[in-house]
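Two complexes are shown next, each including chain A; its partner changes from chain B in the first to chain C in the second.
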Partner chain A sequence: MSAATLDRSAASRFWRRWRFHLSALVVLVPIALTPLYFRQLALENGTAGLGAREIGERKVGPWSVRLAEFDLLPPQVQGPAGPVKQFTLALAGAGVTEVRAAYLKIGKPRSLRAAGSIFFGSPYRQTAGLPIPERTSPDAEVWLTLEGWDGSMQTQALPLAEASPVAADWLRSRNGGKP
Partner chain B sequence: MAKKGGSSARIWFLVHSWLALPIWAFVFFVCLTGTIATVSQEIVWLANPAVRANPPSADATPLGYDAALAAVERQRPGAIPLQIVRSVKSQYALQIDVAQPDGATATLFVNPFTGEIQGQQGAFDFQQFTRALHGWLLTPFTSGFAIGWYVVSAMSIPLLGSLITGVVVYKKFWRAYLNPRLRISKGSRIFWGDLHRLVGIWSIPFIAIISVTAGWFLIQAILFDNAISISTVGAPPIVAREHAPTLKAGETPPKPSVDRAVAAAKERFPDLEPGLIELPQNAFNHVMIWGRGGYPLIFEQAAVNPYTYDVEWTRRVSDRSALELVTESMRPLHVGDFVGLSLKLVYFLFGAMLTAMSLSGMMVWTRRTAQATVAVARGRPVPAPFPEPAE
Partner chain C sequence: MTALRALALGALIVALSPATPALAHYPFCSCEKHGEMIRCKGGFSDGTSAEGVKLDVIGYDEAVLIPGKFGKDSVVEFRSPPGDFYVLFDAGPGHVVEVDHNDIP
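Let's look at the complex of A and B:
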C-alpha cells in the first residue's frame, strides 16, 4: 500500500468520523471576533476617544469644540434619510454650559431652524447623523452651527474632504468626480 | 408504528434526523448560550454585590429619581445623567448611565435607598457579552444587521422543522405524558432515545415559542436591511423652540426634574411602571419614559416636555397595529424577561432541556440513523424509528 492511499484513507476516516461535528468550528468565529467586539464597545461608550478619527479642535465663535468621525465607513444608508455619516462632537470650557444645541449640515444654513442635523448626547460627547446624498459634490462644505443658551448662533465651515476623507472619496467614486 | 404509511413515516424520520444533524454542534452552542443569557442578569446579581439593592434598614423607603440623581452628582461632580434603568425586579440597584467630562459613558449601580454609587460597569459586561455571543456570534453591525444575526436566527428554520417532524414521527406522543419512560440501564441508545422523546414532548410549547420568535428575528433583519418598515410610530417628537428658555450670561441651564416628568406621565397613565427613563439628549429633546402598563410584554412610552412638564407624545399598546402587537411581543417572548425571576427560571429550565435535545438527538443518530439511511438508500426494510411507546 502506497503512502498516498494511506493518507487518503486516513483523511476519509477522519471525514467520516467528524463530518457531522464540524459545525462546532463555528465557535472560532466569536473567538476570533472578541477583540473587535471590545474595540467596538469602547468606541460606542467613548472610552476609546471621541471617534475613530479626530478631525481636530475648532473655534466656533467664542466656543471651542472637538469634532471626530465616529467610524471610518463611507456613508451608510439608514432608512428614508439615505446615506448618512456619523460625527461626534465634544464641547470644551465654557461651551459645556453655554451651548444649548449643535447642528451639522452640508452647505451654509440660512437660519437656526434650517441648521441641519441636531447632535444628541451630552456636552462631553454628542453624535449627529449627517445625510450625504449621492449627488453631493465631493468639494462640498460641512457647516457646524452652535446655538447658545443666550439665543446666539455661531457657524463654522470645513471642507467635507477634511471632515471625512472617506465620504469625499465615496462621492468621487459615485459621481465620477463630476459635481 | 402504523403499518400503513410506514414508508412516509420513514421519510419524515429521516428529514427529522437530517434537519439538525449536520449542524447539531452549532445548534447546541446557540441553545447553550441562549440558556445562559436568560439568567445572565441573575448570574451578575450573584457575582457582583454592587448591582444589588440592599435596603439600609427594614423600613427604608426608596429615594425619588431627583434625589438619586443629586446623590450621583455629589459623588461624581460634572457627570451628566443620560438614562435611568429600574429593573422589574426590586432586588436590583438602579442603573444610571452618565456622561463623564472625559467623554466616556459610565453605567453606575446606585443604591435606590441611599443613592450611594455601589459600583460601575467594567469593560466586560457579562450580560451584554452573553447576549451578543448567543444572538450574533459577536459579528459587527457595520451596515445593517450583523451576518451572525442572520446565521443564528436562520436556525429557527431547522428548529421549527425538527419540532414539526418530531411530532409527526412520534405517533401518539400524548400517551407518554401519562406514562413517561426513561430507561437508564438498557444501554446508551435506549437512554438517549428515551431522553430525547421525553424532553421533547414536554418542550413542545417552548420550542414552538423559541423557534417562531427566532424566525421573527430573521424576518426583522430582512425587512430592516431592505428598508421595509411596518412601523406606525411616525416622526420622533421635538420640543417646540419657544419652550427652551433664553438665558443671560452666567445663568445655568435648567435641569429637568425626573420626578415631575414621571408624575406627569403617571397622571396620564396611572398603571405605568417606569422601567427606563431617558433624559433629554439636547435642549429640544423630551424626557422619554418607558414602562410597562397593563400588557406586560410591551413598553409604553410618554414624552414629557422638560420645561412645561406637559405629556406631548405617547405611544401606548392601543396605538399599535395588530401586526405590531404581535411582532413587538416576539422579543420578550423569546427572552422571558417580562415577569421576574420565576419566569426566568422556567426559561432557563426549558432552555437547558432544549440544549439537551440537540445533544441527545446527535447521540441517537450516531447510534441508529446512519444505518437507517443506508437501508433506505438500498431499499432494505428498516426497524421502525420510534417503536416505543406508540405500540
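Let's look at the complex of A and C:
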C-alpha cells in the first residue's frame, strides 16, 4: 500500500468520524454570531444612533451639526489609499436646507476645493471616510468645513483626540509615543 | 446533491464574509522627485485608474502653476516649480488628495 493511499484513507476516516460534528458547527457558529450581525446592521441603518460614539453637537458658523465616529475601530487600511476612519454627521435646524455639502480633513483646508473628504448621504445622516496617514501627529486637528447653498464656507476645528480617541491612540502607538 | 452542496458552500461563504460599513473607493496620489522632475501616480483604492482626473500644481497663494490631467498610465510628470507649492489630485468635490511639496521625497 502506498503512502498516498494511506493518507487518503486517514483523511476519509477523519471525515467519517467528525462530519456530524462539523455540520453541527456550520449551524452553531452563525447562531452565535447573529447578535453581532444585528448590531452591525443597526449601526449601518442608523437605528443604533448616529454612530458608535457621538462626539457631540458643534457650531460651525451659523449652522450646527452632530458628529459621531461610525465605529470604534482604529483607521482601516483601504489598499493604496492608506488608513481611513469613518465619521457620520447630521445637520440640524436651518443647516438641513442651507448646507450644500460638508467636508472633513486633517489640518486646515487651504481652499474649498481642497476641503477634504465629502460627507455623502441624507442631511440627517451622512458618512465620510477621513484618510489618516500614519505620519499624522496624534495632536493634529480635524477640520470640518460646511459649504452653504449661498456659496459661503464655514470651518471649525477639533482635536483628533476628541474626534476619535481610538485613532489618536493608534497614531501614538505607530509613532512609538513620539508626537 | 451537487446543487445542495454548492448552495451550502455559498451560504457558508456569505455567512463568513465580513460586513463593510460602506463600499467606497478612496482616491490616492503619491509623488516622487526625479531630479528636476516630479512624478505623481494616482488612482482609487478599488483599482480604478486615474485616467482623465485633474492634477493641478498650486502655489501657496492659490494660483494654479501647472494644470494637468492623468493619462492612461495614471501618471503625471512635471518640472518642479520654484517656490512653495502643493499638488492637488482633484476627482471632483470631496474626492481630493493634497500632497505638499515638503512631503515629496
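Here is the rule we use: the second predicted complex is superposed on the first by the 155 of 179 C-alpha atoms of A that agree within 3 Å, B and C clash if a C-alpha of one lies under 4 Å from a C-alpha of the other, contacts with A are read in each partner's own complex, and residues count from 1 in each chain.
We adopt the following convention: a contact is a pair of C-beta atoms (placed from the backbone, for glycine too) under 8 Å apart; a residue touches a chain by one contact, two chains touch by 3 or more.
Just so we're clear, the structure is a prediction, and the values are computed from it rather than from any experiment.
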item: Simultaneous placement of chain C and chain B on chain A, clash or fit; value: clash
item: Touched partner set for A:Val84, first chain B, second chain C, both or neither; value: second
item: Touched partner set for A:Trp149, first chain B, second chain C, both or neither; value: first
item: Partner chain in contact with A:Val26 - chain B first, chain C second, else both or neither; value: both
item: First, second, both or neither for A:Ala101, with chain B first and chain C second; value: both
item: Touched partner set for A:Gln40, first chain B, second chain C, both or neither; value: both
item: Partner chain(s) touched by A:Ser111 [first = chain B, second = chain C, both, neither]; value: second
item: Chain B versus chain C as contact partner of A:Ala10, first or second or both or neither; value: neither
item: Overlapping contact positions on chain A, where the chain C interface meets the chain B interface; value: 26, 29-30, 33, 37, 40-41, 71, 79-80, 101, 113, 118-120
item: Touch list for chain A against partner chain C, complex; value: 26, 29-30, 33, 37, 40-41, 43-44, 70-71, 78-82, 84, 86, 101, 103, 110-111, 113-120, 127-129, 131
item: Interfacial residue positions of chain C with respect to chain A in the complex; value: 8, 12, 15, 19, 21-22, 24, 26-28, 30, 43-47, 58, 60, 62, 86, 88, 90, 93-98
item: Touch list for chain A against partner chain B, complex; value: 19-24, 26-27, 29-30, 33-34, 36-38, 40-42, 45-47, 49-50, 71, 73, 76-77, 79-80, 90, 97, 100-102, 113, 118-126, 147, 149-151
item: Parts of chain B lying in touch with chain A, wherever the complex brings them together; value: 21-27, 29, 80, 82, 99-106, 123-125, 128-129, 132-133, 137-140, 142-143, 148, 151, 227, 229, 241, 244-249, 251-253, 281-285, 362, 365-366
